[in-house]
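Here it is, the structure in full.
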Amino acid sequence: METFGKRYHPPGTPPGTLARHGEGDTTRVCLLEYSSEQCTETLAPTPEQCRAAMQNDRADWLDVTGVNDPAAIRELGETFGLHPLALEDVLNSGQRPKIDFHAKHAFLILNLPHLIDDEIVLEQVSLFVGDGHLLSFCSGDGAAFEPVRQRLRQGFGRIRSRGVDYLLYALVDVIIDSAFPLLETLGEQIEDLEDQVLENPDKSILTTLHLLKRDLLLLRRALWPQREVISRLIQHDAELVDETMRPYFSDCYDHAVQVIDLIETYREMLSGMLDIYLSSLSNRMNDIMRVLTVIATLFIPLTFIVGVYGMNFVNMPELRWRYGYFIVWGIMAVLAIAMLMAFKLRKWL
Amino acid sequence: METFGKRYHPPGTPPGTLARHGEGDTTRVCLLEYSSEQCTETLAPTPEQCRAAMQNDRADWLDVTGVNDPAAIRELGETFGLHPLALEDVLNSGQRPKIDFHAKHAFLILNLPHLIDDEIVLEQVSLFVGDGHLLSFCSGDGAAFEPVRQRLRQGFGRIRSRGVDYLLYALVDVIIDSAFPLLETLGEQIEDLEDQVLENPDKSILTTLHLLKRDLLLLRRALWPQREVISRLIQHDAELVDETMRPYFSDCYDHAVQVIDLIETYREMLSGMLDIYLSSLSNRMNDIMRVLTVIATLFIPLTFIVGVYGMNFVNMPELRWRYGYFIVWGIMAVLAIAMLMAFKLRKWL
Amino acid sequence: METFGKRYHPPGTPPGTLARHGEGDTTRVCLLEYSSEQCTETLAPTPEQCRAAMQNDRADWLDVTGVNDPAAIRELGETFGLHPLALEDVLNSGQRPKIDFHAKHAFLILNLPHLIDDEIVLEQVSLFVGDGHLLSFCSGDGAAFEPVRQRLRQGFGRIRSRGVDYLLYALVDVIIDSAFPLLETLGEQIEDLEDQVLENPDKSILTTLHLLKRDLLLLRRALWPQREVISRLIQHDAELVDETMRPYFSDCYDHAVQVIDLIETYREMLSGMLDIYLSSLSNRMNDIMRVLTVIATLFIPLTFIVGVYGMNFVNMPELRWRYGYFIVWGIMAVLAIAMLMAFKLRKWL
Amino acid sequence: METFGKRYHPPGTPPGTLARHGEGDTTRVCLLEYSSEQCTETLAPTPEQCRAAMQNDRADWLDVTGVNDPAAIRELGETFGLHPLALEDVLNSGQRPKIDFHAKHAFLILNLPHLIDDEIVLEQVSLFVGDGHLLSFCSGDGAAFEPVRQRLRQGFGRIRSRGVDYLLYALVDVIIDSAFPLLETLGEQIEDLEDQVLENPDKSILTTLHLLKRDLLLLRRALWPQREVISRLIQHDAELVDETMRPYFSDCYDHAVQVIDLIETYREMLSGMLDIYLSSLSNRMNDIMRVLTVIATLFIPLTFIVGVYGMNFVNMPELRWRYGYFIVWGIMAVLAIAMLMAFKLRKWL
Amino acid sequence: METFGKRYHPPGTPPGTLARHGEGDTTRVCLLEYSSEQCTETLAPTPEQCRAAMQNDRADWLDVTGVNDPAAIRELGETFGLHPLALEDVLNSGQRPKIDFHAKHAFLILNLPHLIDDEIVLEQVSLFVGDGHLLSFCSGDGAAFEPVRQRLRQGFGRIRSRGVDYLLYALVDVIIDSAFPLLETLGEQIEDLEDQVLENPDKSILTTLHLLKRDLLLLRRALWPQREVISRLIQHDAELVDETMRPYFSDCYDHAVQVIDLIETYREMLSGMLDIYLSSLSNRMNDIMRVLTVIATLFIPLTFIVGVYGMNFVNMPELRWRYGYFIVWGIMAVLAIAMLMAFKLRKWL
């Protein structure tokens, strides 16, 4: 994950300026109109088609993926009457999740996390919900919404017989729940790391641990505000969310809280593991030093003794003793045994 | 305890989908109808029996254990008019404790912790409380509720003469209080560990300490929200809880707070113990190094001296001195004593 | 102090069950009736005497110490109309401080800390305050209340001319203030420890530091909720506390806050001291290693040199040089001086 | 950044005393009057010009940079009727960001951070907003406001057609957003440091890490209250901010929150990196000690053996064995191989 | 600063008991009556003079310093109708800052910090503000109030033309602002320490760091509640503080917040510095060990080799080789160079 991860204009740029940032997925616009009877899909609709869709009775979902084309976004903004500051946020991905209530729309920004090649990637999803229509702008390829599109096309479940607030719920539910497979994967990595720390702590752990911690930190930053967003969505006493939809959004809220809960738990587990790792480093150092100390304190005095009788003084009576050599061996053996017993006593052996 | 510990559907699954997760205890449904006079028990009641029970005057407890059969759950849900999202939560164990107020029921999820073979296991208990009936779904074998069943059967205490809100209290009380024997056991383990850390810190402590810390972390995650659940149950100004029941639930609330309090205290004690353990590792390292340093600095210079007189130079006057050998011994003794005194001064001996 | 420190019934026990827990001080019941004119004391009053006392005009204090007799407690509970759950809390000591407002009584639980043989002991004091009477149950010997009893007997100060709310204040004041002598003692121990850590850190510090930290942790758990209890007592807009008594309870509240403040400050000081202790361990290790390194790096090369000239090769020209031996000494002296200067440069000497 | 960073009067100085603090940029006063048609600029306007500007219909911006001249400030204060305590804050830079609502003006203090030669510098910007006029005092050179001045001069965007609340928004937006390029630079430095910590941790890291941490700490202190300031500006139900301006200030608020979010995330990343650095120091120490221990435990026993046969006892039978020398070599080889295998077993090689 | 720092009565003492605690500055009472025209000062006024002063139109300041005389305090208390518990707090210095609203007075306790001989000393200032009169009790010599006395005597600024609320502001302002010079001094000490930690970390740093940390901890405890006191003073909707005075007290509040802000920032900087210090200790240990390891692993094998040829076996062919000695030198040189290169490779040289 990127540390800074935010796109912004140079300070002083007039508000509502729309600019292209680098390359990305191609912008794909799709208009889904649905009622309990049918569901029609129009790829790349013209402004007239959009306006017509807004006026008929059917619920409309304008599904935009790969947000990368300022001109197209501006045109859509004018067609649907979106606030220029909101459009700026749609293009400048890396925004903090938030909800704003404009005159005609509620505007939500959420982060959809998923794993690509073991790397956590955040797609920014911007949602405008107005009277009978919903616009979604997804900075990535929007593949996560495919099950919702299928349910609309096939009329599976309640989705086609209810309004755009149910569609909003379906999308928010997908976004929040997409954190669970990710967190399950992270949870498994953490459990593996834990086994390794307790049984066989080596240097590679440190990097893994740091990267996991960092990913969780950035993930928390990205997902923490979503709880607040959904809470404000529920509390907002407008006609936006129907009374019967409340248990559904309340379920989303519970899931958002569980996600944060899990992230916090994982972070604390990783902190605990770093402590254990540091302690085991100290333990290992103690082991190494103990071996060195035992060997050195055992042999250094003995080496001194044999050094003494390696001196070349002319007058060294012991050298001429008959059993001098053997006596020295005896003394050394006694000394070594005494020291070994002292080590035993200190539990160094 | 499991780190992730949550069951979930793939993101995008329609709400209210009920699915079986792995194997578990067999689902056992039992209907207890009771009034102050009598208490009848029906094992595996038919939907008709359930509907009949709801219409008569007696209080009903539908006691379901080993929640593992989506079909049975769906049927019960239809019979009692339960919300599909709530049923989803009943089957997907590992939910966060919560309380939801639906049109006809209050819906509570609580965690019942107990020890099985020194391992902390959480049973998810889901409770629906409506007018004159209570449904409990227990993901485990429900053995913890046996005393309540006995009190109902034998008419012991006030339980049979009061409504389902008293039964709700009795069950919630069991669930909350089941943390106390667990925490007492953990408390004893922590005190043992503390003695060991202060008196004889060895490596095995580290693993024990880490596992205790981790269990407390996961336990806190599971039990923390229960405080809030009971608090909301008390504050809810509905006909759900009778005014005279308030002191009882307030007592449950106090116990839920005490549980959290104890968990937090234990966690801080374990953190303190890790600090002490790390310090004692450093202390032990200091001891080892001190011994090595004393032995090495004592003998290295002496070994140098005897090395000098082991040289084979033809012209080394000292070697031919009469008392050369003894003078060297004298010098070495003086040196050794001086060094021992220096060590004494530095408190290394 | 005990880690778990709580008495509880097995989960599932019917509410209001009163049971004896181990041995303790003998239960002593004393009824004090007082008015501005006089004060009469009745030891072990009969239920009739209690009821008579409640009906007359005088203020009554039923002073129970050594709460250990379920039967006597149950009888008192019936005489004064106390709630069975409250009586359960009176007997199960180790409760969290709390205040409950029942129909006829306010029920307070507070912890009275004092030092017995350098060990912190908590007495649980349970207070019932009703119209014109106050019941106090003290799990210990109640010696702390002796000054209040004396003031009642001797009519000293305002105590006899005011109602039971003033008596309640007097008792709460004693309970809160009894933490000050304790904290002063702990404060002195902490200052002693601080001097030791800065001047002469040895191993015994670690245990003292850990035990102080642990005591403060448990003390905080026991005293923290008292602040809230008194705050709720003041805010409660009932006839319980007279308007003129408010400054008095407000004073108690300030003291309760000061107690928590001091405990937190002490805890932070001890944490700081552990950091300093760990740093001084590292410093000491550095010192030890520096000595070892200086001695070893000084003599190891010299010993090598003398080893060279201890070899027995037939053809070793230097051995036969006239001043070979003295040249070697010279070289070694130069080497030693060079190394000492290098150590000096690195500030190792 | 400066640690204390605050200018203050000696305690006891009468309120509203204006004094010069050291040297700084020269004070430059410029009056910009604008309407949708035109924009006129007057450098160093006289009090009469100021009063005339306040009375006409056009919006006025009195743009003061390099606040360093108490006399000029006092004169402006009198002309525009500013509160003496507010003027004191304008001159005493290093204030905490705040908003005060006076009778005729809202008074804001904000901090404009930017990088000068890799050093973070804070300019204090004081804003007075009244009916149709805005005064800005910038403690630095005010270069950051140049784009706003340009937009006014050129009539670019909406700025000239709207009131001073839009101008206020434009200035606040510049101030808040000027943190982003700074944070992007810091983010890059942190990522570089992270790579270094994980791959090649050396001593210089420590200083860089400390200085980054310290800068972030001081930056947080300077920017944290700005969130609150803008929140209060939005909530203030006065005529100050027009209803249509609310989304604009709400956008500023989001940015202020993002700035704090990023600072906190960076701080946690740096803390994590210090832990990793400390662990890698321990790892490196372990490596060093392992090499020492392997070499020392391998050769010390061997050196002892060769020492034995260097003794000069007259009666040492082995010396005269034919293959004594070779046997000793054999024994030493076996011993060395055994020890190397033991090291292998302990994973020290 | 004192750790416990609180004077208290033994638990159970009747409320309102006034007692002398040790020695201190002599009590000095001075009555200042002032109006816009004049200011008269009466040293040690009689109760009659005090009562007369209270009845006339002029504002009165009863300025008491060196609070050490229970009898005088009690007399003043009776004259001005002060609450006995408040008087107890006046005498028992070491109170927590607080504000109480009594029937006729507002009662404030604040802490005035200053440096005496590099030691932080807290003077407790107790203020009673009533209708047209203000009483200040200062536990120290009250020198900090001298500028206010001068402004009153000389009629400098607005002070004499406004009521006692302006006087209250003047005193509170002095008390709060007296923390700034102190914090500036501490800030300089911290910056010096920081330079030392980064450039030349030695042992003395540890003690300085600990004492600074401890002083900041105790200072925070003493000053933290002052923020709350001033906030409550502003919010109190009584006639106590005139509407026009609100910006003045709001300024005091800002300063109180800045003081806490600075203390917290300093504390975090010191924590960061301890981490850096610990890291640099580890770094230094690594340096020492590296030198030891290089020297030891270089010479230990060489010493073994020369030991081999110091053996006295009769049959050692190499000894008799013509260039045996020089070959050994060659082997040793090759070995030494190889090891030095290995060290170079590991960056140990």
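List of remarks:
We just call them A, B, C, D and E in the order they show up, numbering each chain from 1.
The rule is short, and it goes like this: a residue touches a chain if its C-beta (ideal position, glycine included) is under 8 Å from a C-beta of that chain, and two chains touch if they have at least 3 such contacts.
This structure is a prediction, so every number in the text was calculated from the model and none was measured.
Counting hops only between chains that touch, subunit A reaches subunit D in a minimum of 1.
Subunit B and subunit E have Cα centroids separated by 41 Å. Between the CA-based centres of subunit D and subunit E the separation comes to 25 Å, rounded to the whole angstrom. Residue positions of subunit D touching 2 or more other chains: 278, 282, 285, 289, 292, 296, 300, 303, 307, 310-312, 316. Contacts between chains close into a ring here, every chain touching precisely two others. Each chain touches its two ring neighbours, and walking from subunit D in the direction of subunit E yields D, E, C, B, A.
Within the complex, the subunit C residues that touch subunit E are 144-148, 151, 156-159, 169, 173-174, 177-178, 180-181, 183-184, 187-188, 190-191, 194, 198, 247-248, 250-251, 254, 257-258, 261-262, 265-266, 268-269, 272-273, 275-276, 278-280, 282-283, 285-286, 289-290, 292-293, 296-297, 300-301, 303-304, 307-308, 310-316, 348.
Per the touch definition, subunit B reaches subunit A in the complex via residues 3-4, 6, 8-15, 83, 85, 89, 95-96, 98, 100, 102, 203, 206-207, 209-210, 213-214, 217-218, 221, 274, 277-278, 281-282, 284-285, 288-289, 291-292, 295-296, 299-300, 302-303, 306-307, 309-312, 316, 318-325, 328.
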